[in-house]
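Each structure below appears as structure tokens.
Both complexes below contain subunit A, partnered by subunit B and then by subunit C.
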Partner chain A sequence: MPYHKFKCSECIPEREKHAVVKGPGEDITSALPLGYLNTIPGSISERGCAYCGAKHVIGTPMKDVIHMSHGPVGCTYDTWQTKRYISDNDNFQLKYTYATDMKEKHIIFGAEKLLKQNIIEAFKAFPSIKRMTLYQTCASALIGDDINAIAAEVMEEMPEVDIFVCNSPGFGGPSQSGGHHKINIAWINQKVGNVEPKITSDYVINYVGEYNIQGDQEVMVDYFKKMGIQVLSTFTGNGSYDDLRSMHRAHLNVLECARSAEYICNELKVRYGTPRLDIDGFGFEPMSASLRKVGLFFGIEDRAQAIIDEETAKWKPELEWYKERLKGKKVCLWPGGSKLWHWAHVIHDEMGLEVVSVYTKFGHQGDMEKGISRCEEGTLAIDDPNELEGLEAMEMLKPDIIFTGKRPGEVAKKIRVPYLNAHAYHNGPWKGYEGWVRFARDIYNAIYSPIHQLSLVDISKEEIPTETKFLTQKMISDMNLSEEVTSSKDLREYTGKYDIISELRGKTYPDFPAQKKLSAV
Partner chain B sequence: MEDMMKDRVEQLVDYIMKKCLWQFHSRSWDREKQNEGILTKTMQILCEEPVKKETPTDKCYWVDAVYLADAFKSRYSWMATLDKEEIKLLMQELKDRIDYLTIKGSLNAELTDPHY
Partner chain C sequence: MQCEVKNKERVGVINPILTCQPCGAQYASIGIKECIGIVHGGQGCVMFVRLLFSQHFKESFELASSSLHEDGAVFGATHRVEEAVDVLLMRYPHVKVIPIISTCSTEVIGDDIDGVVLKLNSGLLKEKYAGREVHLIPIHSPSFKGSMVSGYDVAVKDIVSHFAKKDKPNGKINLFTGWVNPGDVTALKHLLTEIQVDATVLFEIESFDSPLMPDGNSVSYGNTTIEDLTETADALGTIALNRYEGGQAAKYLENEFDIPTIIGPTPIGIRNTDIFLQNVKKITGKPIPASLVRERGIALDALTDLTHMFFADKKVAIYGNADLVIGLAEFCLDLEMKPVLLLLGDDNTSYPNDPRIKALQENVSFEMEVIMNADLWELENRIKNEGLELDLILGHSKGRFISIDYNIPMVRVGFPTYDRAGLYRHPVVGYAGATWLGEEIANTLFTDMEYKKNKEWVLNVW
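Then we have the complex of A and B:
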């Protein structure tokens, strides 16, 4: 096994099996790191906890819900508003955060009364909201507060409300991924099948593992609606609580982030026979393949093809403009989980970037199987890296940019490597055809930012060059490009608007009358 | 001859491992069903044989198979030179190789977890 030993982790020998280099002739049967194991003591992990995975990743993107944490205020506050999963109801789920504010005295005397009082207060403060998700944290789980019993009590007293309970305290798994798992299973056990939906189309899907980061879900739902497909629910970005209770009625589960949501798709298949279709919504070719497959499933491939043709013609010249300027740039693709495989091959194929390293904070070995298969030879793959390993890898690989989260991103900046936020994006959405061009533009802006160029001068050691004139981004990026490229009439920079989501919300769609007899509940 | 077959199988393997996701379900029993369902249907499409797609599960396999068969035909011009028997042989070797990479030779310790 071609393990990679980090110098900084020599004192933690167990770390060795968590990093591999995909050498010549290697495949996933010979190069695969360990994964989804408890973080080794002494290694300062960048992972989140299982509560965070359940609540902040999967639960909270649901839009018409009060999301309440039962625990100290810090658990919920720490990640409040760092996510950008927007919604079409004025971002209700992002604007407010709720915690029961447990203190030391509650640890001793219990906090069930406090919980009940908080639930009722929250419903009274937001009388139009009748749905709640309720999360256990380490503190409330350790003292044994029975949050299921309290939720049941409130539902009895207030029959108009519905509460979902998620028992996924921080220690409930090696990482946030433990929480993804728990909330998937809890949702299908407690809530799916409770509501009968109104079916309005012959073609009905659940769109699963999609969190509407800066509008991704709305871009994809726009395509589906143009095809006459009813998106019964989205698990969970911009998703509605009651729609998600009716997931059992879809004909197909279209699965985007398998890492966080394959569990519910697998269970829906076992319990209701709904098939699971894994798709990639990032990149022109994968996006087209995904739309075509969904179209094929329903026998409406022509509708998918019309979207593919129109979008490709419109946006391909813009993607190519960036590709010419990004070719050969080295990237460390260091996201949390699924983006390591969603992006690994397609940023190489469609933007010309060279992926020199992939890592995952909370991915499982299955994610590394996908990611390593999609990478080129020589890529360094790391599971659950610590900060020093990240620094050592950057010093060794000298990437031009890294795609990662906020915390490691800020570390990268300190050694003058620009970063893009792989979880929350910079100027998203990044899904769909236009979104993919926006991603390319963000990469371009980060690599060629004049400010970033200035930061490369170490003023503690070097003279500030006074004779060099200020260079704009384009002057820097076009310096070594041929005349043919720089003056090409076929290529152009991004022409879209700052906000491409708002206008989707009021859009009307073609009417495709349903052929079959539809239910009206 | 054997080398040519091996080389062709590897080209198809490379396409599947880079572009597809269906072979990477999380448990070995699902991977077995996916590989069998999709690669058998792909073979049938390439050999112009009838393909079952009456149940939702079969239809879902068929969708991935149609896409795969189209990709094979458009990317690998040598595909058009094969007769049905040769395609069947090639697809069997391909299935064996994908089964090895994703199931039998897989280092993924979660494949045998009895629960989802």
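Then we have the complex of A and C:
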């Protein structure tokens, strides 16, 4: 597995060990790119900061909370309305953001008084909200404001409110990942164990590392509820602040994104002995295996199997329709962290896609280990990619589609490669069985977009075909497919609605009477 | 007096209207050709601003970070700037201009970016890049002062003052557009072409609306050249459309090179466009041609169909950059509407002395509030808790949920407008902008009448 040298990075030798190509028969013991090291200044890396890792990625999906940043206004403005983590309380956390608006005089004389006024004002503006998370920024960290002390003071004066403090300034660590770690640890240190929950089931879990992008959490919780499992809390998508204070009472921590949230699971194991079970909601097989594992843990495999059977029967023919049409298409799988290993093998196995490259902006070597071992031969793996390397890789690999963020997606568009938003999704949710079909549908629509294909034509140089006045995705995708496939009665296109989440809210579930005495475990 | 001008009473910000200074400096940076700015601070200060630009324009722009990490925050990080400049120059051989943009963190720790520039000029650039034209421009834009508006203003001034150099008169005017969209630049250049005036437009950002080409073109950038910037000292005059966005640069050229200068008005609406043309005429001596009389007539014809029938007495709230908000308010008044609430998103102490605001105070006869240092909660709270009734909101996308949650029609205008397609392509300035704004407002009100079944039958015979 030789290191891959980018031409554009020959002048920065530090980059040499950040990219590898998986060779024949090789595994991660042959070579592994370096990871989670300081960024090279001026390289136009894709990384964000530790503040955004804490506040924007993990803190803000909590739905019933005032999310306040102690600093100048930019940090909070810039991380506001740039994600699609929805909630079932009318998206309070998406709509409102709060900054203490630190000015020059506060930098000189301190801003603790300003912070306290801010907290009181915010609770007054939203009298129904009694919970707050407070985030340090570069400015408030450097002047040394004691945010914890102010929070404690307010909580003493206003006993009805509760405030969480996260000290994760933007400069803390090579990327947003530093912030993930800090907020995980801060939450368990400050808040877990503070609230005693009402236990209503024999089977109680925390669902961890799940951010409810376009409703993923609600899809997954629907399965858990069908199995009679009580989801005590979700860390943090669509999660409730007080539920997350009672995490210590779960029987099991079911972990989705290990990159951003394994820290709290590991701590819950150490401090409360709660086991950690890693699951994966992306893809039919991983989804089924995950439900089976959870079922097995509680001895309710039959309930898991019932869901697996029903969902697979319903959605498999639709997934297969897309698989037939996506086979062999080349993908650059360029997400932020964990999706490179959540998706790499499954999109290959279940959709027939060829992953020609994986990258991670803020992942660690562990993420690359998992990602590379799940990739096919010849895959180019890049750690902390930068603008020019991304372009060089796309020119070299000529992918049919790229899964990445909004801005690099615009770059891909310009070199005529369609993109799907790996962080926020196009038309999600993408978790669960139906979600996975939606993902396949989005990939299909992107690759076979008639408009996108027109961008490949140079009307000044080529003869323009005059017969074709329009094309449909199907006319393009089915051109070379066999009759057997195109006229198959066993396969069908996606049949679901635009919004599949609203109807999950307020749904009723079968009653599984609790067997054991329901009290604190 | 009916028009009250005051500061927001709360100290904090709930849903900000503007972001911080480095964003403004970055917006200026991307307008220059062969230029990539380096933001000296944490990576988020760049990453999220690039995201914001790409949300608004659906394009990617190049900006680099010095990637301040913990060690730098403790021991100083000027060496990160040195490394960033070197890495950028090595890998982007076309780059000639590098603004070095400070942030709150690097200003608090006191990193001397001016000193680094001196050091690089006499060291690295001489030794390693001898013969290559490279301009390093320090721009101080700490986030705890002003807003993206002042950051833009400071950056434009620093960039212009770096390059401007007297040679021989070039017969052009300098046109500082302020923080506008590609569509605005097109509209302004059109007016100048009609009046046969050659202008140096700062910045040439029409190319932000970049095409999808058969040969591929990966990023968007502005087209203002080093020559354009240098020549600003040779102009026959300067017009800065916006007082707070480019005004400082105009004043600098006036003081340093005695260039006749007119600041404002923002040419939003018919009247302000007329004044703009009058100002161009004053500086260049060129007459206003018949073609513009006709264009103006088309705009007036369109607006006359709308004003007293549909716009009269409609209550409007407007938020955003001060120059834009004031220009829109003036236009609304000409359209017979009542701009009852103006929210200026930062705390510039010159606002109360702005003659345009004073004119509102002297002449407006209905209840009107101008809130300085405002946030979006000033708007929402008045609607939710204080009984403010509105017919229309004019502002950018960050306030979209107020419109959605309280069922108030809203026309997206300003920056950013990511929740509507292609708005950056349409002007709000000039006669074309007046027409577009008027008709966009009308069609938005019409759609609202239909959804709410509020006299929707009126439109049967319009």
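By definition in this document, the second predicted complex is superposed on the first by the 507 of 521 C-alpha atoms of A that agree within 3 Å, B and C clash if a C-alpha of one lies under 4 Å from a C-alpha of the other, contacts with A are read in each partner's own complex, and residues count from 1 in each chain.
Everything that follows uses one rule, which is that a contact is a pair of C-beta atoms (placed from the backbone, for glycine too) under 8 Å apart; a residue touches a chain by one contact, two chains touch by 3 or more.
Bear in mind that the values here come from a model prediction, so they are computed numbers and not experimental data.
Visitor: By the touch definition at the top of the document, which applies to A:Lys330: first (subunit B), second (subunit C), both, or neither?
Guide: Neither partner.
Visitor: One more residue to check, A:Lys17. First (subunit B), second (subunit C), both or neither?
Guide: neither
Visitor: Check whether subunit B or subunit C contacts more residues of subunit A in the superposed model.
Guide: Larger number of subunit A residues touched: C.
Visitor: For A:Lys130, decide between first (touching subunit B), second (touching subunit C), both and neither.
Guide: Neither: A:Lys130 stays clear of subunit B and subunit C.
Visitor: Figure out whether A:Lys314 sits in contact with subunit B (first) or subunit C (second), or with both, or with neither.
Guide: A:Lys314: touches no partner chain.
Visitor: Once bound in the complex, which stretches of subunit A touch subunit C?
Guide: 8-9, 11-12, 38-52, 68, 71-82, 94-104, 106-107, 114, 117-118, 121-122, 125, 137-139, 141-143, 169-176, 387-388, 391, 405-408, 410-411, 413-416, 455-458, 461
Visitor: Okay, in this complex, where on subunit C does subunit A touch?
Guide: 10-16, 18-23, 36, 38, 41-45, 47-52, 54-55, 58-60, 62-70, 72-73, 80-81, 83-88, 90-91, 103-105, 108-109, 142-145, 147-148, 210, 212-219, 347, 377, 381, 397-398, 401, 405
Visitor: Which of the residues in subunit B end up touching subunit A in this complex?
Guide: It is residues 17-19, 21-22, 24-27, 30, 56-57, 59-60, 62-64, 66-67, 100-102, 105-110, 116 of subunit B that touch subunit A.
Visitor: Mind listing the subunit A positions that touch subunit B in their complex?
Guide: Counting only subunit A, the residues touching subunit B are 27-29, 32, 34, 36, 185, 251-252, 258, 262-263, 266-267, 269-270, 273-280, 285-286, 289, 292-293, 296-297, 341, 345, 364-366, 369-370, 373-374.
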